[in-house]
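The first chain written gets the first letter, and so on, giving A, B, C and D; residue counts start at 1 in each chain.
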Amino acid sequence: MSTILPSDLPVMSLAEVLDFLEREFPQMHAGGRSYHLEAVGPLSARMRMDHHERHLRPGGTVSGPSMMALADLVLYAAILANIGPVALAVTTNLSFNFLRRPGATGLVAEARLLKLGRRLAVGEVAIASRGSDDLVCHATGTYSIPPA
Amino acid sequence: MSTILPSDLPVMSLAEVLDFLEREFPQMHAGGRSYHLEAVGPLSARMRMDHHERHLRPGGTVSGPSMMALADLVLYAAILANIGPVALAVTTNLSFNFLRRPGATGLVAEARLLKLGRRLAVGEVAIASRGSDDLVCHATGTYSIPPA
Amino acid sequence: MSTILPSDLPVMSLAEVLDFLEREFPQMHAGGRSYHLEAVGPLSARMRMDHHERHLRPGGTVSGPSMMALADLVLYAAILANIGPVALAVTTNLSFNFLRRPGATGLVAEARLLKLGRRLAVGEVAIASRGSDDLVCHATGTYSIPPA
Amino acid sequence: MSTILPSDLPVMSLAEVLDFLEREFPQMHAGGRSYHLEAVGPLSARMRMDHHERHLRPGGTVSGPSMMALADLVLYAAILANIGPVALAVTTNLSFNFLRRPGATGLVAEARLLKLGRRLAVGEVAIASRGSDDLVCHATGTYSIPPA
């Protein structure tokens, strides 16, 4: 970490990350667009998830797998924006605490990288329902960064 | 645990669990049927995931979120079969280690409950590609069981 | 959560929590005092760990188990301060990401509760070397709160 | 994994691993010997923990941190035995589910490696009280293997 200066980050703009994701991950839009990257920053990213019928569970709550996909995507976007498209990070570990049942509304996920090393990146994600400060899910993830 | 005798488990048959899931979780088939519960047993369950285009990622690998949904579903089915449909368990924690990239083939998930208490159930899931013994993903999960 | 107002928290003062820990957990000082609770607040607590020879590993780094004990203790203190000594929370899950090797110096752990429900509390801990902002370890924990 | 044949594993004998741990980790015996490596095998290891006063908690139960140290040590030993002392693996992630309160007795930990790659090793540990089959703790861990 000692050689990474936050002032150099991120190395990709929001538009560049969006272009990359469109090109390389069209599957993230399977079933209709619902994951929207809103911002990238130094060691961070923010993604919105609009809710569709297919994300809901009995009782009108957003499904766990939808939130898990959201967490993985926003962490991936944060790493991509901050290391550039030179290497494709591979998810090695994801851990989730489900805190409250979200209502049938959109979600906002804020990712923050806790470590951005040469071989591993680790980050956390806080997910809340839109317009609320109460977290519905907290996640941590580890990604392996292939050799250049 | 002291009052649960394995000989009393599971309390629901495979057909009963399948009926329950069809009725209560039609969303698990959103986009087409791919998750198939194959067996339930004492503190255990097995589920198959057929792969569809929407589950794939660049390079022809099954996506992480598809495997996470599979792990959550098979653990839920194992708990349901072993405590009965009296209460709906709620996922509180899921943790995943992604071990190898699966090929573009179906997956088999074996769930085993490590604890089945009155308030909490904890289990692990081993996921392999069909016809292979090498694990592609290992998961653990904790579920909160509401008061009767 | 809806009935807990942050303005009512914590329900125990730092002195009360310290008294309780001295009385109920003398083992936390086995081998010599090194864990010092410094503050409790609404859904939070801070604990310092002085380093002793027995906490070190080859290369002069603080051992993982010392950090794990620190994380568990500070989360426990945060819960205790915020629910009171009416019930003894039981650790059900702890998950750690080790981010950088700490030097042979003391550590500071900041705990924040993400959820304080009637049955479960969930929190996260950020651990840094004293005088540094770089995290050496990040932890999340879940605690079961027995019925009153 | 494709190049590692189980018939070649482990690459170190129990005596060699014990010698290495004595030499490189004398701190594991701080406060008195209680962790005893009993066996190493292909992708596996077994370690016993004798209980001492300093490992106990109120109610006569073995402390969580003692079990966490045990899990970390037995996974480390399993990796060491199977890759040899050429590189020192570094713990990057540990995740624990505490399943039952152990009594005031010794523990046995069985480690199994789920993946032994060139850069990462992942394993799980099952901990039970001596003479019992009921797990008291289940852990998973990830270790980074430095370049040769």
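The rule is short, and it goes like this: a contact is a pair of C-beta atoms (placed from the backbone, for glycine too) under 8 Å apart; a residue touches a chain by one contact, two chains touch by 3 or more.
Every value quoted in this text rests on a predicted model; they were computed, and no experiment measured them.
Checking C-D, A-B or A-C against B-D, more than half of the residue-numbered contact pairs recur only at A-C.
Most remote from chain B, judged by the distance between CA-atom centroids, is C. Mean C-alpha position of chain A lies 28 Å from that of chain C.
Chain centres here are Cα averages; for chain C and chain D they lie 24 Å apart. Inter-chain spacing, taken between the CA centroids of chain A and chain D, is 33 Å. Taken residue by residue, chain D touches two or more other chains at 92-93, 95, 97, 122, 142, whereas all remaining positions touch fewer. Chain contact topology: the protein chains form a complete graph, every chain touching every other one.
Residue ranges on chain C touching chain D, taken from their complex, read 24-25, 27, 30-31, 53-54, 56-58, 63-65, 68-69, 72, 88, 90-98, 101. Those residues of chain B whose C-beta lies close enough to touch chain C in the complex are 92-93, 95, 119-120, 122, 142, 144. Put simply, chain A touches chain C in their complex at residues 1, 95, 97, 99-100, 114-115, 122, 124, 134-135, 138, 140, 142.
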